[in-house]
Structure formats: C-alpha cells, structure tokens
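Encoded as structure tokens, here's the structure I'll be asking about.
Chains: A, B, C, D, E and F, in written order; residue numbering restarts at 1 for each.
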Amino acid sequence: MFTTSLGEDGAELRPLEPWRAEEFLAHMERGREFIGRHITLADRVTDLASSRAYLQSYADKAASDTGRMYGIWLDGGLVGGVLIRTMDVVLGNAEVGCWLEPRAAGRGLVTRAIRLLVDWLFEERGVHRVEWQAVSANTASLAVAKRLGMTKEGVLRESYPYRGERHDVEIWSVLAPEWRA
Amino acid sequence: MFTTSLGEDGAELRPLEPWRAEEFLAHMERGREFIGRHITLADRVTDLASSRAYLQSYADKAASDTGRMYGIWLDGGLVGGVLIRTMDVVLGNAEVGCWLEPRAAGRGLVTRAIRLLVDWLFEERGVHRVEWQAVSANTASLAVAKRLGMTKEGVLRESYPYRGERHDVEIWSVLAPEWRA
Amino acid sequence: MFTTSLGEDGAELRPLEPWRAEEFLAHMERGREFIGRHITLADRVTDLASSRAYLQSYADKAASDTGRMYGIWLDGGLVGGVLIRTMDVVLGNAEVGCWLEPRAAGRGLVTRAIRLLVDWLFEERGVHRVEWQAVSANTASLAVAKRLGMTKEGVLRESYPYRGERHDVEIWSVLAPEWRA
Amino acid sequence: MFTTSLGEDGAELRPLEPWRAEEFLAHMERGREFIGRHITLADRVTDLASSRAYLQSYADKAASDTGRMYGIWLDGGLVGGVLIRTMDVVLGNAEVGCWLEPRAAGRGLVTRAIRLLVDWLFEERGVHRVEWQAVSANTASLAVAKRLGMTKEGVLRESYPYRGERHDVEIWSVLAPEWRA
Amino acid sequence: MFTTSLGEDGAELRPLEPWRAEEFLAHMERGREFIGRHITLADRVTDLASSRAYLQSYADKAASDTGRMYGIWLDGGLVGGVLIRTMDVVLGNAEVGCWLEPRAAGRGLVTRAIRLLVDWLFEERGVHRVEWQAVSANTASLAVAKRLGMTKEGVLRESYPYRGERHDVEIWSVLAPEWRA
Amino acid sequence: MFTTSLGEDGAELRPLEPWRAEEFLAHMERGREFIGRHITLADRVTDLASSRAYLQSYADKAASDTGRMYGIWLDGGLVGGVLIRTMDVVLGNAEVGCWLEPRAAGRGLVTRAIRLLVDWLFEERGVHRVEWQAVSANTASLAVAKRLGMTKEGVLRESYPYRGERHDVEIWSVLAPEWRA
C-alpha cells in the first residue's frame, strides 16, 4: 500500500516511518562509510534508539506539514531515500535532499525520486521554489541538482562543520515556472 | 505520488492529510446527511477549522503510530475514506472503519480499501486482531464486516449516544490466521 | 480524612495517590504472584519508580476526569483496590476494575467497593453504562461482574496478550436503569 | 463516597473537583459580596468557564501533589471550602486557607475543616509547618488562625493589591510539635 | 542597567523584552511605512497583543539560546533595533538583522549596534560565521552588510513573498578570521 | 556588551546565562564551602549538567518575566551574583537575593548590585514591594537588607530545612516610596 514505482527496474518509493527503525539502521550500517563522506545522517543513526528518533523527527515534520521522508527500495531492500528537509507552504519554499547506499548509486534512483517530490511540491502543494544544498565536495549530490535543471545560486562559505572541518555549502534551486517549462 | 489503485474503475486511495481540509469539507458537505445517519463524523466537520482539526487529529495519530486515515477518490473527487481508528502494535490490536458519500456506495470501494488496510496491519505491522465497530442499525457498515469475513463477537448495549439516543454497538473482528486462511 | 467505610469488618476505601508509592509497592510485592495471574498490574509495578509512575498515571486521570483509583485497606494494611480505568462523562460510559491480595479474597471487599464506584458514576456523574472486562480464565473477576448484576455482552477473541499468549476478554456491563431497578 | 463528616450538624467535607463547576459558580453567586470583601476568589469565579478553570487549577495541584481543595456542604448545599493553597512535602511546608458564604459563618465549620487538613498534613504527609495568610482587615480569617493555636509571625507590608489598594498581609503558622502538644 | 552606549550621540542599545510591548508598538506605529517597505516586521506588529507576541518569540529564543533582540534608543525614544534572528553555537552559525525608524536613519546606528552583536557572537560565543540576508531592493540594508565588510555569497531567487510579489534575497556573510583581520 | 559597571574597582554585572555553565561551576567550586553555609545553591550546582540546569531555570524565568539572574565579575573572574528570585509585576511584588565567593566579600559588591536591581524593579517595572529573605543565622545577608534600608517584617519559624535542620527565615522588605525617599 502506498508504494510508488520508480521505474522498470522495480525500484520503489515508500514513506519511511519510525516503525521501520530496524530496517533503516541495517541500511545505515551497510552504507555508513559511503553515506557519511559528506552528510551527518550516518553519524546520527548509530543504534536502534537513534534510528527511531531520527525517523520520528520526520514523522513529526509530516504531522506538522513541514517535511517528509521516503525510502527507496530496490530488489526488496532499503537502499537510500529522499526527503523534504524543510517546507513552508505559506512562504512557498522547500528544500529537498537525498542519500544512497553505494550499491544503488549510478542508476538515477535519486533523480527519479526527487522528481516525484518536486512534482508534488509544485503541483499539489503550490510551492514556488525548491532548494538543494550540498557541500561543494559532494559532486554526486550536485550532479543531481544539475540533472534536475536547477540553478546554482551561491555558496555559503564555511557554513557546515563536519568531522573537524568547516565546509562550503552550495545552494541550487528550481522555480515552479522553470520546472514546468 | 503514493496513490494506491483500488481497481479497474479508477478508484484510488491516498493519505488524507490536513492540507486537504477544504476538499474534505466540500466532500462532507455533499455527503453530510447520508454520512451522518450513523456516525459523528458529519457533525464534527462543519467548517474549515473543524475540517483541519479533524484531519490533524489523524496526522497526529500517524506520527505516534496509533492510527491512519486515507481518502477514496473516484473520478477525481473525494468520495469517502477508510481509517485505522486505533492501533496498538505492542498489543497487536487495531480497529478500522469507513465512511462514504452516497454516490460512491454500492461499488465495494470500502471493502477494497479496508482489505488493503487489513493486509498492511497483519502482514507489515504484525497486528494480530482487527476490529470493526458499528451501531446495530448501520447495516451497510455491518455488511462490510461480513464481506471481510469477520466474526461478530458481541454487542455493547447503549454505548453510543448519538443525536439524542443511545445506540447498541456491534463488535466484529478478524484474526491474522483467519485472514490468511 | 476521606476514608469511606466498606462495612463492619473495618475495611476502608481511600484515594490511592502517588505519595503512597512505597505502600503500594509493598502491597504488590506481597500479592505479586496472585495478582499477576491474569492482569498486567503486577508486572508494571516492580520498584519505587514504577510504583510512583503507575499511581501518577491515575492521578493524571483524576485531574482530567478520565479515571480514578482507590485502595482497599483491611486491618490497617493495603490489600487491594478498585479503579475506574476509563470514563467519559460526555459519552456516558465508564469501565471499572479491581485487584486483590490473596489474604483479602473471599470477603466481598471488591464487590462492596465497586458498588460505591458504580453508585458514584451513575448517581453523581450521570454515566449511563459501566463496563467490566476480564480474561475468560479470570473466574474470580467474572464472578464479581455477575454478583453486580452485570450482563455478558461478548468476547473479544485473542485481544489480550499476556505472558506469551493471547487471551479472550469478556465484556460485561450494567446500565443505569438496571442498576437502579 | 469520600464524604467526611464535619460534626453533628450534618456538615460535610468533599473534594471540590472541576465537574462541580456549576454548583461552585452558584455558590459563588450567593456569597460573592461577602467572600469578595478580602480575597480574590470571588472576582476570579464569574462564569462557568472561570469556575471550571479555577477548580481545574486545584485538580492539577492535586495531581502534582502541590495543593488540594475541598468544599463544605451544609443542609445539602455548598456553603464554603478549605484549601491547601501550596504544599511542598520535600520542604515540609504548606499554606492553608478558607472561604465561606455568610449563611454558614459563625458555626466553626472552617475551623473544623482546617483541623482535618492540618492533621492530614502533619500526620499523614509529614509536613512540619502549616502557614495561614490573611490581610490584616480580615478579622474573621485571623480569628481562625488564633483558634487553631497558630502564632503570628509577621506582617508583609502592602503586599496584596486588591480592589485598588495595597493591603498588609499577616502570616501565622503552627508547627507539627505545637499541633501535637 | 544593562544599557550599552552606542557612541557620543547618546544612542543606546538595550534588551528588547516583552514588557516593552507598548513602547515597541508605538515605535512601530511611527515607522510602519518606512520599516514595512522591505520586511514583514511592520505587518506582524499591529496591536498590543501582536507586539507582545513578537517580543515573546525573541524572549523564548533568548531562553533557548537561539536568538536575541535589542532595541536602539536615541534621545530617550526607541528608534530601531538589531537582532540575532537565528544562532546555532554548535554549528557556529548565526544570522543578524536590523530595522529603523526613518528619523534614525543615516547615522550609522545599525552598523554600530551590529558590530557589538558580531563581536559578541565571534569573541564570546565562538561562532564562526555570521550571515546577513536582505531582499535585493533593500539597498540600505545591503549597504550595512558592505560597511561591515561582509562578502556577497549568492541570491536566493524569488524566495521571499511579500505584499503580493516574490523577491530575491541576497546572502552576505563574514567569517570570524575575516572579522578579526 | 550589556556589562554594567558596579564602580571604580572594576567590578561588573552581567546576565548570567546557561552558556556560562562551565564558568559558573568553576566559581561554585571555589566558593562552595563558603556559599553553602546558609543557602542551597552550593548543593544544587555540582557538575556541568546541574550548573546548566540551574542557569536554565533562570533563563526560563527571564523569558516568562518572573525572575532574573546576574553575575558579578571582579578582576575578570565570576565571584558572585544577585538574582530576582521571584517577581510578579501584576501584583507588584518581587524577592531579591545574592551569593558571593569569600574573596569578594567585604567590598559592598552585593549592595551595589542589588541597588541596581531594586532601581530597575521600582523605576522601570513598576514594582511596589521588594522582599529579602535569609535564615536568621546568615548575618552577612541580613546586613545587606539593613544597608539597603529594608524593614524587618517577621520570622517564618522553622520554614527552611537545610543540611538536616530546620531554620528560621527572616523577611525584610522595602517599598517603592521608602526607596525613593
């Protein structure tokens, strides 16, 4: 129920809810090194309690309509996900993001999944602007922004402390009229 | 995204969230008299604020994993819904229910939608027992319980005050092994 | 202050509040095996913190007018209790229950105490229906329902998981007009 | 249930809970002018909502074990009450107070009721010191403190603004050893 | 007490707390048209309740160490203010902002006040990066960023809906080592 | 920023906020024995978590406008503080207090700092009455009350349990007209 197909390879998108904390943790164990190169997610999900807490934070965002989190399943296993990190339908702005296990990289899964999110934000929720943020070194993430047709708007210098260093963060975005064009 | 087909007639099931409060209210306006014959829902959703509040109560249940609400769309319009009124995955019990606009009655929409909910409760969530409650006069609702293969377990006498009178409530249920049989 | 006599044998009913957590725990230690045969209470009160938490949950119900808990004292010692597990004065429904140490069984203490609760619910609070629930194997508890003149309304099959098995739960009730008759 | 006799004239003490808001309001209407000469209670209970809110504030104190409120019934009607305005069993301190309709004055009802409260505080709850506060002009209230054997400890100058003027407040107290003597 | 001089013209900086709601509202009445050209503040503070609520939101940020708000007084009157709109000392990031009545413009008051905030953030609180955001048309605000030696990092396109149109927002920042240089 | 000079010896008063928890704890370590002779503060701040919690309790009071806490710095080190333990601007009452490391005693620091607090309470906040409480044996504290021109109003007998004994507490106060005289 409520599984959305991501294409002919059988990949699927599903709400990623707190009751999947064990599955989410196992997935994070498999992808920890790869996922943790650029984002804090890997460091924040380290046991069942933190896994549940992380998913609960998005369950709470869903209830307050300020965010959403979805997992990507491939061949029956959770291999990554996409999320609406923030959304404000009154202001018409949202920020989306993603993560993947290495075995699922290179297939366009995230791009497909993000397209669904952006469609939903623009067409069903009336959002005007969708933002993408990634550290400058995260070339895989920035490549998604480019593939989605986003525009680079700037660089927040040394705004992201991670593993002992401060990193620049790029901001990209796409506006509703651009998306529809 | 996250639309589940209910069959070849194009009926669909979707999460019914607070941002759909206007659509939910309009639906309730259309079905108020019919829906209100046996359940309080019609009396509780009377304007945009109460519509939003009602949907929010289920958004909160979703966040705390104690309930869910889904709408049924037919020919592009919201015509009814099904819900998990209560669920306790630790105890393994849940109660499900439904409502419909008259124009959508007689097509088995609720039965199809409830089957999805019960499948999810038994197969994905590990629930053991799913309950159905309806006042004795609500024959349409009780017919759904029968069609689902539920067993009548008892009658809570005069337990449901509605529109000036106290009504008997029937309890039906199906257990996981029965469902799978 | 606020002790209610239960009869000529000196038994008394008093509010059972969080500040009695030590006394409640000692009582539970004495009756744990007997009390724990059919209900979870014994498993939930195992040290001072859980004793206090359990009593606090009923202090909170009292404050929100959704439940009450009273202890039964005999010969100066706490030997059991009765409670209004749920009450909804708007709907006019309540559920009552009880527990006892073995040394206090067979004296009709619970029946006397429950009569006071039911009188209060019907006559002072305007409740219409009082329910009693017990697993089918708990013959002592079901005997109380019978002695109170309650009617058996049904059996919730396998609704109560306890100590590794799922148990059937009987529902009995008495209505205000029946009580007064 | 849980009515405590105050003596041979049939006066009784009972918990004064939010569900008695209508009765409490009617009582306040009868006694408003008299009760309002020295204390704010009369000004704070002016309709059903404020009556319920006031009683709820004490229901919440009961749940957190920081206060209690009891009504005095005479000839079947609510005529006044006593309260534990604050209590801190860790520090061993409490403050008690009272109010009365004029028709119930002059019978020693408050003195009798306060004795029960003080007994409970000292003997059951282990409090060491019970305080009484009243504005200097409230001779009836101060007379109760004297009758209870309390000692005047000081005067908080101009500490109590009421109806446009600031009033001195006297503090009296009795200690557990004094009470028992 | 806790007034900080802003220079020889007698201008002063003080915490702007909820108890100053009347003064804040009067100030906003005087500056509403001017202040409201580019920022929502003017539209959000329209009566005593909204004035108090706005100031309370910053009192709450102060208590949770996530923001601060200070007023600028000139010749005894409140003429503007500066604020730390967001701060996260764990991440080392903060965003600051300002507003002014027209009569106080052109004196460098905001620049002086912001210097104090940035000093405090960098030197006392260990923040690494301070951000400034303003719509592209708000040249006065952007001039402050320049005067403070900030660097323009990008433009968030159409991210700010205000009075019926969506506006571009510029992001500027200064890093601790730059500030100290 | 927001440092207030206490005089020519360089002593300064600053808000004492949760982010100073380490500094506050170190100060308490130095003064623990001396400070702990008469007040519980020393026993309540024993590690970083309790230090932060104590300061947070006053940050919360500041946000709700019911108290304030300020530290006294001398020669660059935190040596003591003053606080508004309670304040109710609607009733016009407040209670102030203080503590000091021994090395800072005998310089009138507290008297100077309290004068600032009392001025603020009377002149800026419209408070009518400021109270001072200290156990009878705390002669240094009572000497401050005298120096401030306060009047002794009474003694709360055995109201303060501390380190195994109950102590008398003196109440002193000054009223706004007296302060201005």
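In this text, a contact is a pair of C-beta atoms (placed from the backbone, for glycine too) under 8 Å apart; a residue touches a chain by one contact, two chains touch by 3 or more.
Because the structure is a prediction, the values reported are computed rather than measured.
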Chains contacting each of subunit B and subunit D, listed by label: C
Common touching chains of subunit E and subunit A: none
Length of the shortest touching-chain route, subunit B through to subunit C: 1
Degree value of the rotation bringing subunit C onto subunit F, based on Cα positions, nearest 5: 120
Pair with more cross-chain C-beta pairs in contact, given A-B and D-F: D-F
Centre-to-centre distance between subunit D and subunit A (centres being mean Cα positions), rounded to whole Å: 60
Centre-to-centre distance between subunit D and subunit C (centres being mean Cα positions), rounded to whole Å: 32
Chain order around the ring, beginning at subunit B and proceeding next to subunit C: B, C, D, F, E, A
In the complex, subunit B residues that touch subunit A: 1-4, 13, 15, 17-19, 56, 59-60, 62-63, 65, 89, 116-117, 119-120, 125
Subunit F residues within the subunit D interface of the complex: 91-93, 128-129, 131, 151, 153-161, 166, 171, 173, 175
